[in-house]
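The same chain A turns up in both complexes below, where it pairs with chain B and then with chain C.
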Partner chain A sequence: MATGDFDVHYVAHLARLKLCPEEERQISDQMGDILGYIEKLKEVDVSGVEPTAHPFPLVNVTRPDVSRPSLPHEDALRNAPQKAGGLFTVPKIVE
Partner chain B sequence: MLNQLSISELTAKLAKREVSAREATQACLNQIQAHDGELHAFLSHDVSDALAQAEAADQALAAGTRHEQQPLLGVPIAIKDVIAVKGQPLTCGSRILGNFNSPYDATVTTKLRAAGAVLVGRCNTDEFAMGSSTENSAFGRSCNPWDTTRVPGGSSGGSAVAVAAQMIPGALGSDTGGSIRQPAAFCGCVGLKPTYGRVSRFGLVAYASSLDQIGTFTRSTRDAAVLLHAIAGHDAQDSTSVPQGVPDYAAALDGDLKGLKIGLAKEYLLGGLDAEVKRAVETAVQQLTRLGAEVVEVSLPHTEYAVATYYIIATAEASANLARFDGIRYGARVSGADPIELYANTRGVGFGPEVKRRIILGTYVLSSGYYDAYYLRGQKVRTLIRQDFLKAFQTVDAIVTPTTPSVAFKAGEKSGDPLQMYLQDIYTISCNLAGIPGISIPCGFSANPKLPIGLQFLGKPFGEATLLQVAHAYEQATPWHRERPAQV
Partner chain C sequence: MEYEAVIGLETHVQLKTKSKMWCGCANSFGSEPNTNVCPVCLGMPGVLPVANAEALRLTVLTGYLLNCEIPRFAKFDRKNYFYPDSAKNYQLTQYDKPSTANGHVDFEFQGGTSRVRITRAHLEEDVGKSTHFERNSGVDFNRAGVPLLEIVSEPDITSADMAYEYLNALKEILQQGGVSDCDMEKGMVRCDVNISVRPKGTKELGAKIEIKNMNSFSGVRRAAEYEIARQIGVVSKGGKLIQSTRRWDDVAGITEEMRTKEDAHDYRYFPEPDLMPFEPTDEWLAEVKSRVVELPSARKARFMTDYQLPAGDAEVFKANVELGNYFEQIAKQAKNPKAAANWVINNLQAKLAETNEQSAQEQAAMGLEPADMTLLTLDSLKFKPEQLLELVGLVEAKAISSSAAQQVFAEMFETGKAPAAIVQEKGLAQVSDTGAIEKICDEVIAANPGPAADFKAGKVAALNFLKGQVMKQSKGKANPGVAGEILERKLKG
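Showing the complex of A and B:
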């Protein structure tokens, strides 16, 4: 759990989050404190302990496979920042 | 003043036709009008829509509909602005949602409507429910009605202020690490976080999906029982909601405490706990003994690791959940040369500092090379924390603790130091990791300034009825829940 190799620029890229240099500097400083605190967990003996993903794991939750009304098209597009022809508009992906 | 009535008092008057739903709703709207400029409990409210709902409730009452059929008929309720209300704005306290308007109702909203509630408005929150003070709201903080220079707690601070400042008799919030119980403690109201899976999360904007749970703010435990009953139950739209019947919580309130065993968690009374809070909790414990409960010491040995575990698991889940806010399908958009740049630009402008910090931390703990050391280890410690509780509940029916280490702090006091802010949640956070229910009720006041102190009860999974019973017995024997802030 080394914290010295925390590269905020790289992690921000993974998160698709543009940070200004001042934000990068501030988050790096604060992350040192926070990761330092989280180091506490190294003290705990977790050998043989199963991880918990959910407090009450319900398995094989299914529902009847029947069609039902979905969100109307215009409602799904209501909050789109840009739309045209009943579709979401995005920047060109393929030349 | 109709806005000061509890839910139970109001429904009794509505049933006898002594007051109308319109009058009660108007009284709440007047109180909002008079005080929300200063307190900022609400992010939006729709006066004409609320009055139209109230008039519909009055018509139903006139036509003979009874509260046995619709338990909240004509009762004004507010909702934290992370829960969808069809046709109304939904901001999550963030700029990234732009002018988002909910295209559907959350399941709890549907249930409130079915119970006859009048949905008045949407309450302020830390951005995406990430915070302990509402200072992370992009639209400005809410103020504590007991002292406006202090925070109301968070993240559901707006809901707590609305209830404590007599703007509304009941409100919904969400609780991921204490976001209902801590503001309830700071504002002097009753805050209930149900068992994970007790209430559907469909239509609740996800922060940390394995920890989030919707719950209630009220001025009494009886009202908490009524409001929980209205929103609880299995929902096919939420695969983590548990298919288990909903008991009649209000009917379970009046049993006495003889024969009940309540655990006092020794790890919760150690250093860092304010002396006045400690004294109030110790006095409350004596009161519980006088009421017939047997109080015994219990140990939850992994308590000191709860905050660290939470900030791994919650941020990891948040980094995945908040990936959906990318400027494509809804909300604000900042353009870019290609989709990746558009995502990064939109998120860089749209998210505030705390959300960015948690996304970065969550992304890091899940990233290649660090997953085992942080996330997997966090999940294993979570197992140990949950086992601590299940072991304690083999010998006790509930656990009593302080809700917070101190009374409400000053605005700006902790906002520059994220770790200090995180440590505010030290007594509330384990409950979410274990998935168990918890309630905070008023148990006294600090002397100078006079600020509320919260007492927390933690219960067995699906043990809400016992929690409410214990809280109710304490409440009946003490005056604290009847106190109101002087200015309102």
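Showing the complex of A and C:
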């Protein structure tokens, strides 16, 4: 697949990454290489192979419905860049 | 041209679990902000989610209650987006392999039974709750990671009223099925409503307009009413509708378009690598199936057939499961189940409500929160169901008058004594002895010349007053039928 099929600008926006033109060029090339590799994988005949959701052969990993103590409130908010009234505060969300 | 509405609903319901979906934080409403949080539900790097077994069971249980197929393989996916109420920057959900699919809900609507097909009910996680202030927004992550079921209907709904009835039926099934408390006040149920209109009789669907995040059923009904009329207004004038998202303004009573983002949503779903797929075994499914309760609509129909109850009574027992169970304890032995139903609904239910209301007021005065109050339940009554049946039997056999029966009931509610003993003790056995009643009638007529004259002058209602006086004088023991006959004979004669 050609590099041009990969819209690095769009994908960077979805990931909320701000890239300078130099980075965009560089990442675009790198992603192009990766996609080229994927294209190559597509050549393998996988008809008759069940698609897998997980490479590890394990299912039904669960825990019992039991509640246990949460983080102390101060610890929970310790990483918050901004807080007020016990809440994480963020720039106003307007739809 | 005539138009018809096509409505589909996506209903989000919080599951009734003790802990959250992926971590052991409490799933409880009303805690101080950010106190039921941990590294997993705060989306800290390096943490691993582990699925709550009960949430998976409740999801499949819902599938059974909604007549769904239960696929033998389900998995979770990441839905990627950035929003402050989602700390992980993705939501875990079942994208292409949900736990349940292809079901239906049958419910009463406009005198008949309507069916809405269920596309799927899949398990996902709730997000945090935002509060908006003057300059910024605050986020509480207590709700983040609470197990959330999304129930997607097919676009089988054709009116605002039908949407309302569907939601009520769904809520009743989920509550009685033990899946969710569905407490609207606590935001446990939220809906997205998809509405389009098309010329009546045509097949092609119109542009789909979504009204997001409704938190009351009456709001859904009002919003749908408004939106259907608005859309018909646009297309009938030759206008064109485009697929979009709107918000319901409950105060203004209108829907308004939400700002459309420049780029369409691109959630880049992919299988969650930190969770293993889910493959229910026969044994596991059988265990879940054993928890399936009788559906409310089936229960109502059964009460009408088995006990010959009118729809109104059966409806009461459908909505109030405990009361219905109580009735069933005596209904099978009752000679007249309808009379027993009347007593359970009109007397027992009312007395219980009245007693508890008073008791709640007293406990509130002592500073107790509603959750900590001790209230009377049908299981903790002083008398046994058979005793109520006995009382109904006494009335039916005309051994006591209905007003005496009220006294007996009040006494057995208070003390738990057997009805026959109360009748004996208080001397309430109905007097059909005409001699005794005749004497009271003479006294009543003499003491109330006005009403007696009124009746003679043709005012029929005056007889009821006099009859009431006879009942009063006899302390409720007189047979009212006999009293009426005697009074009438005396006054006319």
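Keep this in mind: the second predicted complex is superposed on the first by the 82 of 95 C-alpha atoms of A that agree within 3 Å, B and C clash if a C-alpha of one lies under 4 Å from a C-alpha of the other, contacts with A are read in each partner's own complex, and residues count from 1 in each chain.
One rule holds for everything that comes next: a residue touches a chain if its C-beta (ideal position, glycine included) is under 8 Å from a C-beta of that chain, and two chains touch if they have at least 3 such contacts.
Small disclaimer: the values here were computed from a predicted structure and weren't measured.
When the two structures are aligned on the shared chain, A:V61 is found in touch with chain B and with chain C. Using the contact criterion defined above for the overlaid structures, shared-chain residue A:P91 touches chain B and also reaches chain C.
With both structures placed on the common chain, the touch criterion links A:A53 to chain B and to chain C.
In the superposition on chain A, A:H73 makes contact with chain C only, while chain B stays out of contact range.
Looking at the shared chain after the overlay, A:E23 reaches chain B, while chain C stays out of its contact range.
When the two complexes are overlaid on their common chain A, residue A:L14 makes contact with chain B and with chain C alike. A count of residues in chain A touched by chain B and by chain C gives the higher number to B. Within the superposed three-chain model, A:F6 lies in touch with chain B and out of touch with chain C [touch as defined at top]. Counting contacts by the rule stated earlier, residues 13-14, 16, 53-54, 56, 58, 61, 63, 71, 76, 82, 88, 90-93 of chain A appear in both its interface with chain B and its interface with chain C.
Residues 1, 6, 8, 11-20, 23, 26-27, 30-31, 33-34, 37-38, 40-44, 46, 49-56, 58, 61, 63, 71, 75-76, 78-82, 88, 90-93 of chain A are the ones that touch chain B when the two sit in their complex. Those residues of chain C whose C-beta lies close enough to touch chain A in the complex are 17-19, 24-27, 32-39, 42, 50-56, 75, 80, 82-84, 97, 130-133, 135-141, 247, 258-259, 263, 266, 268, 271, 273, 275-281, 284.
Listed in rising order, the residues of chain A touching chain C in the complex are 10, 13-14, 16, 53-54, 56, 58-68, 70-71, 73, 76-77, 82, 84-93, 95.
Within the complex formed with chain A, the chain B residues making contact are 98-101, 103-104, 196-197, 210, 236, 239-240, 242, 302, 304-305, 307-309, 311-312, 319, 323, 326-333, 335-340, 342-345, 347-349, 351, 353, 356-357, 359-361, 363-364, 367, 373-374, 376-384, 386, 418-419, 422, 433-436, 461.
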